[in-house]
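Residue numbering begins at 1 within each chain, and the chains themselves are lettered A, B, C, D and E in the order written.
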Amino acid sequence: MAFADSWIVVPVFAPLTAALLAFLVRRASFFISLAAACLSLLAVAVLVNRFLVNGPAAYAVGGWDPPLGICLRTDGPALIMLVLTAVAGVGISLYAKGYFTLRIERPSRVGRPERQERFFWPLWMLQLTGLNGLYLSGDIFNLYVTLEVIGVSAAALAALSGKSASLIAALRYLLVSLLGSMSYLLGVVFVYKTYGVLDLGLLQAAAAPAPGVIAAMALMSVGLLLKTAIFPMHFWLPPAHANALAPVSAILSGLVVKGSFFLLFRLWFDIFSPVLPAAAFNLMGSLGAGAIIWGGVQVLRQQRLKLLIAYSTVSQLGYLVIAFPLAFAGGSSQAWSAVLFMASGHACAKIAMFMSAGTIMLHAGHDRIRDLAGIRAYLPVTAFAYAAAGVNLIGLPPSGGFIAKWMLLITALAGHQWLWAVVLLAGSFLATAYVFRVVAQLFVIPPDKPVITRRRAGLLEWPALIMALLSLLLGLMAPYPLRLLEAGQIVRTAMTMGGGP
Amino acid sequence: MKMLLTGFDLLLALTLLWLAWQLLRSTDIFKAIIFFICFGLLMSLAWVRMHAPDVALAEAAIGTGLTGPLFLAALRRIERKAGKNMMSEPAGNGEETGSRWKARNREMSPLLWTVTALTCCLAGLLIWTVLIIPRPLPGLADQVAGSLAESGVNNPVTAVLLNFRGYDTLLEVMVLLLGAITVWSITHAPFPPRVPDTSPVQKAAVRLLLPLICLIGGYLVWQGAYQTGGAFQGGAVLSAALVLLLISDFLWLPGMRSLPLRLGLTLGPLVFVLLAGFGILVEKTLLRLPVEYAGPLLLFLEAACGLSIGLTLAAFFAGGRPASDLRETPYSGEAKGKGPAES
Amino acid sequence: MSWENVLIVAILMSSFLPGVIIFMLPERSTALRTGLNLFGAGLKMALVIVMDLAIYYGRIFQMRLELMEGVELFLNADPLSAMFATLSSALWLLTTIYAVGYLEGSPNRSHFFGYFSLCVTVTIGIAMAGNLVTFLLFYEMLTLTTYPLIIHRGTVESLRAGRNYLVYTFGGGGIFLFAVIWLHTLAGPADFSAAGLARQLVESEAPVLRCIFLLMIAGVGVKAALVPLHGWLPQAMIAPAPVSALLHAVAVVKAGAFGVTRIVLDVFGVNNIIELGLMPWLIAIAAATIIWGSLRALQQDGLKQRLAFSTVSQISYIALGVSLADHRLALIGGLVHLIHQGLMKITLFFCAGNLAETLGIHRISEMAGVGRRLPLTMAAFTVGAMGMIGIPPTVGFISKWYLCLGGLEAGNQWVIMVLIVSSLLNGAYFLPVIITAWFGKQQGPWPQERKFGRLETHWMLLIPPLVTALTVIAAGVIANAQFSPLTWVKFVVQDYSH
Amino acid sequence: MFLQTLQNFMNEAGLSLVAGVPLLLAAGCWARCLRKWSFRLLPLAALPALLAVLLVSPGLEIQVKWFFMGGTMGIDASARIFLGVSACAWLFAALAAGEKFRDDPHRHRFAGYFLASMGGNFGLILARDILDFYLFFALMSFSAYGLIIHNRTAAAAKAGRVYLVLVFLSELAMFTALVLLSARGEVPLAGAIPGADLSPLLIILLFMAFGVKVGALPFQSWMALSYQQAPVPGATALAGAMVNAGIIGWLRFFPFGHVVLPGGGVFFIVMGAAAALYGVFFGLYQDKPGRVLASSSISQMGLVTLIAGYGLLSEDAGMSALPLMTLFAVHHSLAKTSLFLGYDLVDRGGRPADAILAAGLLVPCLSLAGLPLTSGAMIKGALKELAHLGGDAWYVFGAVFLPLSSVGTTILMLHCIGLLRKRSRAGPRGKTTVIAWLWVLSIAGVVLVPWMWQPLREMAGYSLRARTVVQSLWPVGLGAVLAWLWLNAGGRLPGRGRPSADFDDLVRWVHVRFLYMLTLVTDFLDRLRDKIVREPFRQRGFRRFIRSRGPARLERMLGRWPVVFLFYLLLSVVLFMMMLTAAYQKSEVG
Amino acid sequence: MTTILYSVTGLLLFVFGLFALIVCPHPLRKILGGNVMSAGIFLFLVAASYRADTGEIDAVPQAMVLTGIVVSVCITAVALVLSTRLQQAADQGARRRRKRRREEDAGE
């Protein structure tokens, strides 16, 4: 295989080596990580245009073909998530650099920010490795290992802040992800016991509703639902995301949750879709509806900004899951691509929101919503970033969220599924309530507070704005990612032909 | 002969289940840990019974050999902190208002009833599925055998581990490193400056055992290419040596400067990554080893991985980063007032 | 990309780019900000005039951007949209001048003018929307850009008003989105066309279409302040005067009325609506709003609240005209009132702003004898009020005249009855204001009097109302001239008359 | 030669100048710099109108395309007469105003309103299409308000208020009437509406629209108040020129001679008679000359309504009613102008010798009463002829009513003269100013005009016949005798002179009641809305649910491991069973 | 026969571990449960691929089990360290609260 073909490996190996080097050479850890993030962005770009030119590609690692060896695959959905992770990776790295430099200048406990920064970079790089590995991997056991990498590094990042609340949350997060991975592993074992093959392409070809596969799908789906914190099993997400450091919450909410969701999406739509009846999809839909409504209600109860954003993640995840029955019933690729389009839109918005929340906390010293009046006086760019991200969450026109909401509603109404349509609308009303509750506080400058725009750390404000504008831009440039997804359709046919060179 | 074997299997299975049940029901966590160690040993027995020597060795060395001491060390630290009150539930997940799972007077609240019922139901379903799955399909055994020759090793497990599914192992080694990094990022190694009164017997035993353990570890690593053994098992044994050093008076590990330790930890993954890079340069595919050099390369890789795995497992036992690395002033009350509290 | 596409984009960009740049500007650089603002407004006005001329001579202006498969952002400048665009850009130019004068010395103006320009860009977008999806896009963006303007003052009341505004508009927006999507699933992506929906679709899906139509009217009705949904308008009076001027005369309320027009004329098609038997409903709602708005205006003592309720009733003239769209005269009356109401209402709000800014007067009871202190402002106010009542030679008379003729032609007498009663009520709540202002005796000193040198008030606050007052009279007196609003509306109505 | 060029000029631009000059001067009055000049040019404002009357060739019509939906101006026979009379009235009033307000600080304001209403009046006469008519009618009415309240006293404000309310109602009525009239064509039809069969509603609307101006019965209360409160030149203009606007309106819009409207005719006759009698009795109660003059106008206008009523009864009655109404308007406005000038003279204290004053006042009063050889007699005679055409029943009514009304008018006029003489005796002596000469000129006009003017001359010849002289003499004689008796017996009727509550209190009462009821309705609706929307939303509703402990406890419950993983297990089992049943059905079906 | 026996044992162990993880409040016990679960899964995996008749060993499941063991060790270690650090932080918090209360008493 040509040298040029091995670009597919870079998104996994660049962060991997960066993690090692960052752990070793602590002083240059930021530059190494940034280089790795940019390199993987470049690699993803190359992969995307290669994908557009000659369709999905497969890459057998170590030269061994699928039944024996592991094979990395790039198809529509995977590339969308790769692009998202790469872009978010660069953004978060920049933000983290700004965040830690500011924290080191004004530490609350001597030595703590240095520790946090020293260990942040390797863990963050490992997280990126796990995520990229998950999106690319074509082997079901390898997915388990990547899930573990993501799980442990996420828990480690959550525990980084050192407060007892975040330690409790990290421990609970670790145990939950342990349980989720274990049930996923049991599912893998059942699959292996039934088909004796680990490669996704071969599995997709052989997928048929046998009891073994049914047990596997049940366990895997429930495990992944737990790791994606869907409605009844969301208890671990808010404390973990709210108490972590700002860049860490951005990573957790924006990327980590999407990783396990992507795996669930691939299992349900890509590989074992013949096994799943309509009732299963409707069950998933009801979970999603529960998440939207329950998350929305809980969000309105919160008094702290980061908890509010965390619970809004719970609610927004409901949107992703409610799209399952729509995609199944609708049959058209619209809801199918809407799910991933909404996932990427939501990720950008959520990262921007947590970044701005972090900047606000650094500046105001607290994140009680009631006392945030007039933040725009000091942090205009951050306030605008938060508002733009909020616009995307609600799904107002210029944003990607609107396009996704539009696609979902179209499928719902075309398929006469009134319940889901009503829940979607109720969800967007709740979203309006909690976004504008904060935006009103941020944007309104009480008459006595003068407007001074002291330049804060640039690195803190601009990444948030870039991510927020990106989520808005998604709305306007929707056709391009969607074309990627449409191309994804061909993948299914390609996979069935026993992919791999 | 067959009857004997089935009898043995039955007995083994029952003891395993009984041990697991006891492990959960026992009120005293120390007792539970001891049960867990026995459970681990019996598990390795089961692996042997099922012709999986590598796994048996790994289970014995890592599954029980190291996990047991980890639990014991953790228990000691938690007990000492909690001032010896038995089994006081730490803050844990704070508002855990659920029913107290006291091993003895387990009042089964309706909630617990439903949980138990559901678990049994799930178990029933899984077992039913296992029972009706038709004859197991031919696994990958013949493919492995087929291409064993090019893999450079003749122990199939090592071949699969390092060559055919080398990517998995790479990620696995990275998980280990990740574990080490996480442990280091959480806290300092909670070791007292001087172990007060290590009995002379222990000192002598340590001085005797150390070279032996290193020898056995090295041999295991070397043997991996031919029969059961390999980086993980060898590494685990090496870590036992380091653990011994830790608990006896040679407390140089926590006092050491962190750079050499960090080098040691990352040695294995670094070599693995270099090999992968080499594979790309030479063979234009990741992790592809030229057939003729596969053997020695894999051996070199095994050695490096074995060393770093040993160090990592020791770091797990140490439970924190070296004392000298990244000191943090203890939590000073007045710091709260000043600058913004860290998020 | 022929010069037509470039022109449309240039029109949109001519206020969007200054807006974005103004956001960046620090608070101190007032000169640059005002310069940018005025340049943007002037440029837009020129471009729109060029477009009007070109449209008059038959050129087609279109711009398409593909959003999703089957859904595209389509900007199309047909005569109706050109009319609304001209009105918006003209009044924006004046309101910018007014706002610069009004907000002199007040805090965070970059923020204000940034959103101010964005708001007009979105209004022009609404005007030029070529299909229902684009209209929906800009319709929902309008809420975003106007909300910061309403809560600009930062006081508790403005926050509550803002919250109320959001509840209403997002509720309406949600319903409108639902209806648009439902229609999209039935009728597929369709651009605005005079023919409206396909005939067989109307026959086959009558009940569903009825439901969709009512939902759409409810959605758009929030911004058009139809009766049950008008609660937010009087409360939005907390906003500074240029905002309420822009909101009421040009942007939000007019967008709602324009929405109703588009839905009735271009989405459903007049004949289809008659066939579906929905016209009586629309007429009833419009009439009820007209009467109720005027009645409520009678009760208000606050000047801006009274003007707000009068807007509620005046906007429904347009809805009434459109609901009688099958009769040419009524349609002309309705559409021409779209422009006239804008002119008159913005004059009144400018004067109300002057009163508040120069003398600190907010209530009508405080207005006794103000004519002596601010003669020119009160003259403009009188002209505007006369227009509202419908006394010739103002523009108000013309639109009322055509509406009545249309009502007569349509044969239902009580439409005229409603208009006459409404004129009576208009007189009842405007004449006392004029009388107290001119002929009342001043009781005590003005609440917060500010001197502005030789002129009665700041020249920037004085010029716009005078200009609009003159246009109110001029457009009335020379109604039959070549480029008066009336002739343009007749030109617009040509392709709707069948 | 000069006359020829002047005539050509007048033909082209003349008509627009007639209305244009006063309006321009009015605008001048408002502008600070042009104030002095425009006030000085006040009297000249009426000149273009006079010139137009004399010079413009008859039947001229010009179309001003761009002006207000295509304005058309033109002079026909009746318009020429009206224009002439109004021009005279405005000229006299302007001169009087020039004299009276020379040193008044607010003279520019009065001049502005004065000129605006003058322009409106002239434009109204010349307007051929109904929209222009309506435009100028509105301009005249609303600017007249400025005249009434010029003195800024409380009484003036009250009079102004009553006037404004009534005028606004008339505007609305007229707007509706115009809409109904022009139902067919989009562009309003020019001139009189040919042969339109007017519905009763339309008749009432037209009666109301122009009845207010003319002081017809239900709407007459503003006249008394305004004539008294307005400065005398303003009152002269109001009584002399603006009253005719009502008559012109009726002439324009009622199809005299084309269509017979028996119902309308009867209605007008009854209202006319009632107004005439009411005017007399109301006048006798008053003690202020302004009010007496107002009531005499009311009664005279009642007669005009009577003529209109007869005109509607039959075609030929209609044909003869048209010129008669025009003549009556001329006769009435000349008499009223001279009377008001006299009142102004007396009011300003420039009092001539008692005898001259009495004689001067007597001439217009008696002409109003219908003394032979005066225009009044001619009209009475023609009126009798008209009544004859209207069918026998109405002839009898006419025959009885007319002498009675002339008796009443004579008494009223003599009462007014008595009051004026009393006031002039009491007032201070001022020097005789130009007003006196104006007054003499107006008296001459009253006497001579009927004879000089060609269209009126053949009417005069008829009145010279012996029978008509006798018929018109005895009522005047009887009236004089009764007046003499009544003046000696104390000269005032018992009672306060003015009805307790008048139109203004009525309006305020209605306004207060209406607002009260409206607040009732709106409070009810607010309470309703709170109950339906805000209450559930705030108290028992969504927000309380959010704040309440329910969701908090539930969330904490969901935070416990056993509960969460209960759902976890449940989900896995349910999913398993779902897939199993589906597979089972598929395998069964497949 | 042995495959079925060991598979069932493996599954039962998995279920025991799951039950322990869910029900026991003490973090150490939960981690123990986790380990039992993983042991159960691996037992089931190897049992599933054990071919009593042919006797030859299928290497891939063994490799998977090896990786699984190593990963579960890593998670156990992290979890244990976290819970000790948690205990330490809780004690520090309690000590600080007691100190502040003492200062307040001293202060009054």
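Here are some notes:
In this section, a contact is a pair of C-beta atoms (placed from the backbone, for glycine too) under 8 Å apart; a residue touches a chain by one contact, two chains touch by 3 or more.
Everything numeric here is computed off the predicted structure, so don't read it as measured data.
Common neighbours of chain D and chain E under the contact rule above are A, B.
Excluding chain A, the assembly's touch network remains one piece. C-beta contact counts were set side by side for B-D and A-C; A-C has more.
Comparing the centres of all chains, each the average of its CA atoms, the largest separation from chain D belongs to B. Geometrically, the chain at the heart of the complex, using CA-atom means, is C. In whole angstrom, the spacing between the mean C-alpha positions of chain B and chain E is 11.
Inter-chain centre distance (chain A to chain D, centres taken as mean C-alpha positions): 78 Å.
Centre-to-centre spacing of chain A and chain B amounts to 30 Å, using the average Cα coordinate of each chain. Annotation for chain D: residues touching 2 or more other chains are 559-562, 565, 568, 572-573, 576. In chain E, the residues touching two or more other chains are 14, 17-18, 21-23, 25, 27, 31, 44, 48-49, 60-61, 64, 67, 71, 74-75, 78, 82-83, 85-86, 90. Looking at chain A, one finds that residues 141, 145, 148, 152, 155-156, 159, 162-164, 168, 171, 179, 183, 186, 192-193, 210-211, 214-215 touch two or more other chains. In summary, the structure contains touching chain pairs A-B, A-C, A-D, A-E, B-D, B-E, C-D, D-E. Residues 374, 376-377, 380, 384, 391, 396-398, 402-403, 405-407, 409-410, 413-414, 421, 425, 428-429, 432, 436, 440, 443-447, 450-451, 453, 475-476, 478-479, 482, 486 of chain A touch chain C in their complex. Interface of chain A with chain D (complex): residues 179, 183, 209-211, 214-215, 217-219, 221-222, 225-226, 232-235, 275-277, 279-280, 283, 287, 297-298, 300-301. Within the complex formed with chain D, the chain E residues making contact are 18, 21-23, 25. Chain contact summary for the complex, chain C toward chain D: residues 295-296, 298-299, 329, 390-393, 398, 400-401, 404-405, 408-409, 416, 420, 423-424, 427-428, 431, 435, 439, 476-481. Taken in their complex, chain A has these residues touching chain B: 1-3, 5-6, 9, 13, 16-17, 19-20, 23-24, 59-64, 67-70, 103, 106-115, 118-119, 122-123, 126, 129, 133, 139, 141-142, 145-146, 148-149, 152-153, 155-156, 159-164, 168, 171-172, 186, 190, 192-197, 210-212, 214-215, 243-246, 306, 358, 361-367.
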